[in-house]
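Common to both upcoming complexes is chain A, partnered first by chain B, then by chain C.
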Partner chain A sequence: MIRITLDDLDDIALGATFLGTGGGGDPYIATLMTRQAITEHGPVTMLSLDEVADDALVFACGNMGAPTVAIEKIMAAGQPPAAVLALEAHLGRQADVLMAFEAGGSNSMMPIYNAAMLGKPMLDADGMGRAFPEMQMVTFSVYGASGSPFALASEHGDTVILNINDDKRAEYIGRGIVIRMGARSAKASYPMDGRTARRVAIPGTTSLCQAIGANLRQSRAGNRDPFTALIEMLAGTHYGHAKVLFKGKVTDLIRETRDGWAIGKVVITDQAQGAFEVEFQNEFLVARQDGRLRAIVPDLICILDSEMAQPITTERLRYGQRVTVMAVSAPPIMRTEQALAVFGPVGFGLPEPFVPVEELD
Partner chain B sequence: MIRITLDDLDDIALGATFLGTGGGGDPYIATLMTRQAITEHGPVTMLSLDEVADDALVFACGNMGAPTVAIEKIMAAGQPPAAVLALEAHLGRQADVLMAFEAGGSNSMMPIYNAAMLGKPMLDADGMGRAFPEMQMVTFSVYGASGSPFALASEHGDTVILNINDDKRAEYIGRGIVIRMGARSAKASYPMDGRTARRVAIPGTTSLCQAIGANLRQSRAGNRDPFTALIEMLAGTHYGHAKVLFKGKVTDLIRETRDGWAIGKVVITDQAQGAFEVEFQNEFLVARQDGRLRAIVPDLICILDSEMAQPITTERLRYGQRVTVMAVSAPPIMRTEQALAVFGPVGFGLPEPFVPVEELD
Partner chain C sequence: MGHAVSQNLRLGIDVGGTNTDAVLMDGDRVVAWHKATTGRHITDAIVAAAGAVLQQAGIAPEQIYAVMLGTTQFTNAVIERRRLNPVAVLRLAAPATTAVPPMSDWPEDLAAVVGGQHYLLKGGLEFDGRPISPLDEDEIAAAAREIRGLGLKAVAVTSVFSPLDAEMEHRAEAVLRRELPAETCAITLSHRIGRIGLLERENAAILNAALSGLAGQVLGAFAQAIDDLGLKAPLFISQNDGTLMTAEHAARYPVLTFASGPTNSMRGAAVLSGLEDALVVDIGGTTTDIGLLLDGFPREAAMTVDVGGVRTNFRMPDLLALGLGGGSLVRDGGARIGPDSVGFELRQRALVFGGDSLTMSDIAVAARQMQLGDPAKVGQLDGVETALARAAAMIEEALERVRPSAATLPVILVGGGAPVLAGQRIGGGEIVRPGHGQVANAIGASIAMVGGECDRIFSLDGVSRDEAVAAAKTEARAQAAAAGAAPGSIRIVELDEIPLSYLPGNATRLRAKAVGDLAAGAGMEGGA
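Showing the complex of A and B:
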């Protein structure tokens, strides 16, 4: 059990932007909200999966929508707790512990925010080990926990409770609601007991965010090369393998907010090495160099600015940025056959089969 | 208190198609379903508004979607009751009485179906006195009852509970769900007590459907002119004024399923009298003859085939049909300033102000 205080938030946000692989929402506003919530309500207790009681009721919470919208349309303070409260009212039982459904971007911060606002502990775990664009793309669904019932809340205080018998259809119907709520809703989902969470969740992702953030911060302060330091540090985690794929300048960018997502591709060019292209749907999905596969989901593709190693989200990409593209191997729980069927290349309609990034060069 | 038996269904369906003013969904399939339900579970008890207990819990139920879809995508037998059961589970209380939210088309039949399936009585009342395309276009909303919480159910057994603080926004978000449920959902909505129902509902619309249907049937059998007979009969109701606006042939038809509705216009031509045009959004909204206003919502515009006086729904309109267009004045409760603000011309973005059909020629 550890306590998350104000001093931890910037490191968590920085690491979450890295694990967000371009998505999960820019954590800037969520971090400000969480800072305020902890200032008012005190530090948040974080349990590891080993520490949660078997029969504790766990909700996975966060936001659902398009990150491009999120940077302009700010959440109402009561909106994320409203989703948790609506699901509690529907179930007739209070949640004992909150966790993230995704470990990337603003959605790493939302369980801390909700935990502070509602006076509950949170779990150091999530269902994506990174960010993914669709609700059913979680180890929870892969290993048999149901997304339903789940709650969505808008900034108007409107709430919707969904009971959908299939998590992919839950994504489709839920996304329809999110679009009509203005492409930004708060969500509380995947109600499960502690025993189930231990079986289906990815352990330690909030502390990993914090460790990545601290590593990047220390590299900057100590004038170490941040990319080398991060690769060394990740080698000691269940992610294992990390490497630099490409360095260059953003020379083309196609990005639109479509069907409730930020969809597009970015082209990065280096005069000696040619053109490097990354496709995204909220998150970076596949990286190709001159048509050759360099990395593909669920392995992580991260774009960082080359000078400060600041991870860049899809909605913050700009023409002319000098960037370094990194890839990180996903943990084993995310590379099983069942997992690849949900959030591997086939889950996104990509033509290539999955090849582990450590086998590509 | 009266009993609705198998013998009543065809008259109710025929009258409901007339009051549907082109919308509310073709009642053919709903009538077959209701026939089966009454055969299995027995006749349905129908209470008048005067007979319902002050503290009885009343739900307004029916279907939500595009009628063009409904004639090809048949409801699952358990789908309409699933919406009622989901709302009951959410409220933690069983409904005592069911009523229609609209008195037109298949939605006149659904409370009878649900009442038979669930062993409950129904109310002889509704919120539209006809059919309208949008959820908030009911006297319930106009006179202060809330549409929320309400439930939607799909043919997959999926259910959604909505708590929306504004009924027009409830329509918008609900419609988004209906679209993703395949443009056809069952709905249970506007939970209210009997005292409220007496204040906000339009009385007697199911018996009016039955009386209209019986009148048309008897005219056909007795070789009377059905249009004259219907006008005489409606003069004795709170609808009051009815007349024939135009007779001619369908010479043009634009119809598309857009945003979850059937939207378009039909042109009816007579060589001597020129062109008559009716615009619709699920229901017929406005009738113009050579640009001159002939009838406009909330007054009823009904298109019937000229020979048998069979009301024709928007999705059954075809080139070449010989049709008679009738208009009926809406009851006073539907013509107040508050009512016209919701389902008068301004509610549909029509340029004309409301003019009672009895003042137009």
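Showing the complex of A and C:
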């Protein structure tokens, strides 16, 4: 059991941007919200998966909407708790613990926010282990926990409970409601017991965000090479294989919108080593060098600025940036056959089969 | 001086913290220039610099057809937390946005000066234009009475998605005005100065309102100087993006000048060198700013920029600042330069002026690259070659980080400290040393164009992407024409597209920017 205080939030946000692998939304506003909540209501207790009771009721929470709306229509203070309270009312039982469904990007903050506002503990785990674009792309669904019933809440306090028998359909139908709510909804979903959470959730991802953020911060302050330090730190975790794939300058950037996705490709060049390509669909999905596969989803591909090691999101990529591309192995629970069928290369229509990053060079 | 009298004489003025520079321009030709010390009275400095220029050229004030002025007065006020007035903040958004109240992320010292009078009221729009909640005029009127009771002289009004549709901000202003007349209270509407991104736009509006008292004084001082000089021409003020606004507009929107200094310097370098695509190295007393010119305009920085510790989303030039300048201290036999500098004390502390500090200017004088002070005092200096090589290496390394691709680009060298860099080439590019590089800022102000922008979310339902892009361009052109651009000269210089991921119907945010030359007679209503 650990406590999350105001001092931890910037590290968690920085680590969450790294795990966001180019997407997941900038945690800036969510961090300000959470700062406000902890200032008013005090620090948050975080349990590990080992510490949660077998019969504890766990909800996965976060937000659903469009990042461009998120920077303009900020949430109401009571909006995220309203989703939790609505799901509790529907189930006739209070949630004991809250966790993230997505540890990467802005959703990393929402269990901390809700836990502070509602005076509940949170769980150090999530369902994506990074950022993914759709609701069903979680280990919870892969291993048989249902997203439904789930609650969506608007800033007006309007709530909707959905019972959808398939999580991919839940994403589709839920998004229709989110649009009518103005493309910014709070969500409480995947009600499950503690025993199930231990089986289907990715452990330790909030504390991993914190460790990554602290490591980057300390490297900057101590004038150490941030990439070497981060690789050493990750080696001791379940994201054990991390490496630098390429260093160079952004020399080409192609973006387009297709079916509401930000799809594109970034080309990074180094005079000695040639060209390196990363394709993205909201998140970075696949990295290739001279046509050769270097890393592929669900392994994490992160682009950081070479000087400060600040993770760069796809919308902030620009010509001329000096960047370092890192790859990190996803934990084993995300690399099984069932998991790869949902959020492996096939889940994004990529032609290559999954090859673990540690087997590629 | 015997110049033929031209129809195209303009006065460019740069009012900096230390110096006030003036240039008289005939088209792109520098007719005369002068540097004066800014001191405590801006009016005096402008009169001194511009008066000297007119006298040198033998030009009568009425022959000038426009005066363009750039200033760092407002940026400095925010950075130094001086001369700011308290602000009442109105946000039209409730029940949305209550999770992050206004000024949540401001530095405490600045927040203390600007104050904490906040009103989070009903209003705001959804992304598709529906209201979040209807505006409540009674609620706004009650706030207005309270603001009047508190004696606050500035209000910032921000409504959710106002860049899409500003109607709610306008209606709120009308209600506020019933209690708060224009003579006693300045009202800033966020959509006038910011783009999408609620907190950044609101921050910019609050900073603008906090500068409203100072803006009146500074613009008054400018107008007084124009009057004292006997100038009849309209006065324009340069903006962040290198385009012009009328003095009247600048008095209402002082934040739009925040980045005009570096922008003018880079634009001035473009005109002086005749180059459109180049790297610009501006070596000052304490720092060197390195930026990239593309099509004659500075490349802009990423989405958010800190101004005095406050997050904003102004478009500002993307500059790399290096602790190297004419006043930088040189140590270790020339192997270490800066980042500390003797700054404005160069004339007391540098060796060539009989001081005890070895500066980069001493090195440049010893190498006969610069004429300053007494060269005999640095006749026997060690480490000159080492220091020059170190300075070149620092600049070369920085250029490498700014250069967009492997292609070599020429390097335009400007600023008072320019002589510290010797040689003909750096980083594979030719070094261009235009004449009058020490007043590039004022020249940049004098050649500024007028611009217009469109930043909106377009739904692509039943509209092709090309049609939406054409609509955005048309709107940007219309804005430029409204700002005083000569219609035939208007061109689109930027087009950005940001797809709204996770929304159906292919909504997309388009931002188009147009610029054009100042039409003769434009802006007369805003002149002094």
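One rule holds for everything that comes next: the second predicted complex is superposed on the first by the 338 of 361 C-alpha atoms of A that agree within 3 Å, B and C clash if a C-alpha of one lies under 4 Å from a C-alpha of the other, contacts with A are read in each partner's own complex, and residues count from 1 in each chain.
Just so we're on the same page, a contact is a pair of C-beta atoms (placed from the backbone, for glycine too) under 8 Å apart; a residue touches a chain by one contact, two chains touch by 3 or more.
What you see is a predicted model; the values in this text were computed from it and never measured.
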First, second, both or neither for A:Ala86, with chain B first and chain C second: first
Partner chain in contact with A:Gly157 - chain B first, chain C second, else both or neither: both
Partner chain in contact with A:Gly104 - chain B first, chain C second, else both or neither: neither
First (chain B), second (chain C), both or neither touched by A:Arg255: second
First (chain B), second (chain C), both or neither touched by A:Gly344: neither
Chain B versus chain C as contact partner of A:Arg318, first or second or both or neither: second
Partner touching more residues of chain A, whether chain B or chain C: C
Which of chain B and chain C A:Ile173 touches, first, second, both or neither: first
Touched partner set for A:Gln36, first chain B, second chain C, both or neither: second
Doubly contacted residues of chain A, that is, touched by chain B and again by chain C: 156-157, 175, 179
Residue numbers on chain B that touch chain A, as the complex places them: 86, 90, 92, 156-166, 169, 172-173, 175-177, 179-181
Complex interface listing, chain A residues touching chain C: 29, 32-33, 35-37, 65-69, 71-79, 133, 155-157, 175, 179, 182-184, 249, 251, 255-257, 259-262, 269, 271, 282, 307, 315-316, 318-320, 322
List of chain C residues in touch with chain A within their complex: 93, 95-101, 104-105, 124, 126-128, 130, 132-133, 160-161, 196-199, 292, 299, 302-303, 401-406, 457, 497-506, 508-509
